[in-house]
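In the two complexes that follow, chain A is the common piece, with chain B as its partner first and chain C second.
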Partner chain A sequence: MDSSSLLKLLSEEYQERVFDGKIITDVATVSVNPGNWVSICHSLRDDKSLLLHSISNFGAIDFREKLGGYQIVLTVFSHQFNHKITIKTLLPAKEDDSPIVGTISGVWPSAEWFEREMAELFGIIFEGHPDPRHLLLDDDWDEGYPMRRGWSGKDFVVKPEI
Partner chain B sequence: MGVVSKLPVYMERIPGGGILTTSAEKFFNWSRASSLWYMLFGLACCAIEGLMATGASRYDYDRLGMIFRASPRQADLMIVAGTLTHKMAKRVKILYDQMSEPKYVIAMGGCANNGGPFYYDCYSVLKGVDKIIPVDIYIPGCPPRPESVMEACLKLQEKIKKQKLGDWSSSTS
Partner chain C sequence: MAIEQLKTEEFMVNMGPQHPSTHGVCKLVIKMDGEQIKSIQPHVGFLHRSIEKIAENRTYAQFVPYTDRIDYCASMNANHAYVTAVEKMAGIQVPERAEYLRVMMAELNRIASHLVWIATFAIDLGAVTPFLYAFRERELILDLFEMTCGQRLTYNYMCIGGVNWDIPQGFEPKLREFLKIFPQKVNEYEYLLTNNPIFLYRTKGIGVLDMDTAFAYSVSGPSIRGSGLKWDIRKAEPYSIYNKFDFDVPVGHTGDVWDRYKVRLNEMRESTKIVQQAIEGLPGGDTKVKVPMTWKPPEGEVFSRIEAPRGEMAYHIISDGTPKPYRIKIRTASYCNLQVLPVIAVNHLIADLVAIFGSLDVILPEVDR
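After this line comes the complex of A and B, so read on.
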């Protein structure tokens, strides 16, 4: 399916849960509320006309200054149909808050490591995660969340303006 | 070969017997410098250059008596070849502590010297391997050419040959 018909299908069949549908760099992109995050992932995976069986990209962006929270971006891909869609959600957070969202590692098991990485680097809490250990950072890392904007650690050197 | 070429100076023949005497210090230093077994231990891209390319036939560590050992227990020299992250730094310290004295360290490349390209805006990289273990020789470069690595090994041999017998335990710190 091409992106415009995917977008049409998404905004018709899931119109109660998705909003703000548009095509960004040829990929159908929709936004959902954090409360619907797990349920929309379940529905999309089980949709027989989409067959979105694998995660192609899953990450977070610190948009606290611009949008007032952390945005989670998930791109899922169908090997059978060779199409992909992007789902976004914005987790509201204040200055040092840890935003909370449900885990989708029960939907796509490969999301588990992505979520572990986001949890340690951004401080996002994934509720119900089966293995919430650190993935890349040291187990006894205690310097906060390095991918947050304005973060600084004890050995951290900011590049001077040239 | 220092000692061999100066045999008449260091050794004297005892009349009537087959015994040769020499300075124990020269002999120890000569044997340590000529059999510098290094640990097969690479961290990043420098391992390709410093351990594999330099160890292969074109440059050939073997002609300096350097043979790789896959265990820190049998190694005399640790070539820290590559980017040392905070997570790996603890493991490197353990490996260094497992090596038996006398032990020597070569910090190879910009990352091992002071963080190199990861110096600014990086949360994960240790800025200099000398913050956790004592370093004998630093090689600049990203990555250094095999010639530089050979030069560093020759420099280390010179350093070893200047050691006194009593001070090898303190020379590494």
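After this line comes the complex of A and C, so read on.
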């Protein structure tokens, strides 16, 4: 399915839950509310007309200044139909808040490590995660969340502007 | 005393961080029942350099050399993934000669990467000779790369808007000679391994990855093709100029270690075909378009992916209109492929774990970034 018909299908079938549908460099992109995050992932995976059964990318962006929170972006795709979609949700957060969202590691098991990584680097809490240990950082890391904008650590030097 | 009365208990084994079969630094905490694996917990992050954080502090052009370090066995492909993403976002049209050179280098690097894999994989299973054979041919490819860009491992060859250097004089005859001898060399590796009874015993029916597990864990690249799925991003969503070349996508049948081995061997043959076609059709002209040093891409975002030797390598780039990227999220193949290891290695013997881990071709700097 091409991106525009995919977008049409998404905004018709899931119109109560998705909004702000657009095509960003040929990928159909929709937004959902954090409360619907897990349920929409479940529905999309189980939709027989979409067959979105693999994760392509899953990451977080610190948009506290611009949008007032962290955005988590998930790209899933189908091998059979050769199409992919991106789902976004904005988790509102102020200064040092750690926003909470449900885990989708029960939907796609490979999300487990992506979520562990986001939890340690951004401080997002994934509720119900089966293994909430650190993934990349030391177990006794205590210098905060390095991927947040404006973070500074002991050995981290910001390059001067050119 | 009867055998039933003997007390048995499960025990833990630490494999790594430095173990020859982990090819990098990865610790596997294995729960064992005798020789049998009950569960595995991979511990990664020993090579974490926070490349994504570094990216927020560099300009787009300055970040290219860092992409080399994501997958040092296939730096060309890692370069390719990044530059295609940036060009897609900014709508930069790359000269045709540069596209041909990119594909040529990427495919040569795919062969080199698979050669490293076959060498280390065979050595893990106790076969030392293929290691020497494979590194002999890899040397020829590294010589070609060295002629072109002066580097043997981290090339920094591709740049935003094209490639940094044109191929030098004497490159073409050397490449043609390599292409002439290489298919026979692949036969040679096959002669050593494919039907070797010990090799078959170690690999046939071991570590079977079924399709549903592969989908659920987002396995990609030769590892999923070994399970019989004809999925290759070069064919499914052709990037660069891959739609101009005629090549096949090799697949396996059962998804065991032997199938994954066979897929990679055949992939080397297919890559040779692509390089052959690229050198035959190499057009003249410029090798790059001018992109200013402090170049600002338009505000926006892009998602772009390519087929690296280990599978899908994707970039999600967010631009805020400044010379530095706002955020770069890198998805690498090994990150997902390693997650499936505990699932497929359970109930195997510990000696088979080495074969299964090797067959997934995980490279740790790619996992840790």
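Throughout what follows, the second predicted complex is superposed on the first by the 161 of 162 C-alpha atoms of A that agree within 3 Å, B and C clash if a C-alpha of one lies under 4 Å from a C-alpha of the other, contacts with A are read in each partner's own complex, and residues count from 1 in each chain.
Simple rule for what comes next: a residue touches a chain if its C-beta (ideal position, glycine included) is under 8 Å from a C-beta of that chain, and two chains touch if they have at least 3 such contacts.
Nothing here was measured: the structure is a model prediction, and the numbers come from that model.
Enquirer: In the superposed arrangement, does A:D155 touch chain B (first), chain C (second), both or neither?
Expert: First partner only.
Enquirer: Looking at A:T75, would you say it contacts chain B, chain C, both, or neither? Reply first, second, both or neither.
Expert: second
Enquirer: Would you mind checking which one, chain B or chain C, touches more residues on chain A?
Expert: In the superposed model, C touches more residues of chain A.
Enquirer: Now for A:M1: first (chain B), second (chain C), both, or neither, which partner does it touch?
Expert: neither
Enquirer: So, A:W108: does it touch chain B (first), chain C (second), both, or neither?
Expert: Second partner only, chain C.
Enquirer: With the two structures laid over each other on chain A, which partner does A:S56 touch: chain B (first), chain C (second), both, or neither?
Expert: second
Enquirer: Taking the superposition as given, does A:L9 touch the first partner, chain B, the second, chain C, both, or neither?
Expert: neither
Enquirer: What is the contact status of A:T86 with respect to chain B (first) and chain C (second): first, second, both, or neither?
Expert: second
Enquirer: Which parts of chain A are in contact with chain B and also with chain C?
Expert: 136-138, 146, 158-159
Enquirer: In the complex formed with chain B, which residues of chain A make contact?
Expert: 136-138, 141, 143, 146, 151, 153, 155-160
Enquirer: If you look only at chain C, which of its residues touch chain A in the complex?
Expert: Counting only chain C, the residues touching chain A are 44-45, 48, 50, 52-53, 56-59, 88-89, 215-218, 220, 229, 231, 236-237, 294, 300-305, 312, 314, 316, 318, 323, 326-327, 329, 331, 335-336, 339, 368-369.
Enquirer: Within the complex, which stretch of chain B touches chain A?
Expert: Spelled out, the residues of chain B in touch with chain A are 86-87, 90, 119-124, 126-127.
Enquirer: Quick check on the complex: what are the chain A residues that touch chain C?
Expert: 24-25, 27, 53-59, 61-62, 73, 75, 79, 82, 86, 108-110, 112-113, 134-138, 146-147, 149, 158-159, 162
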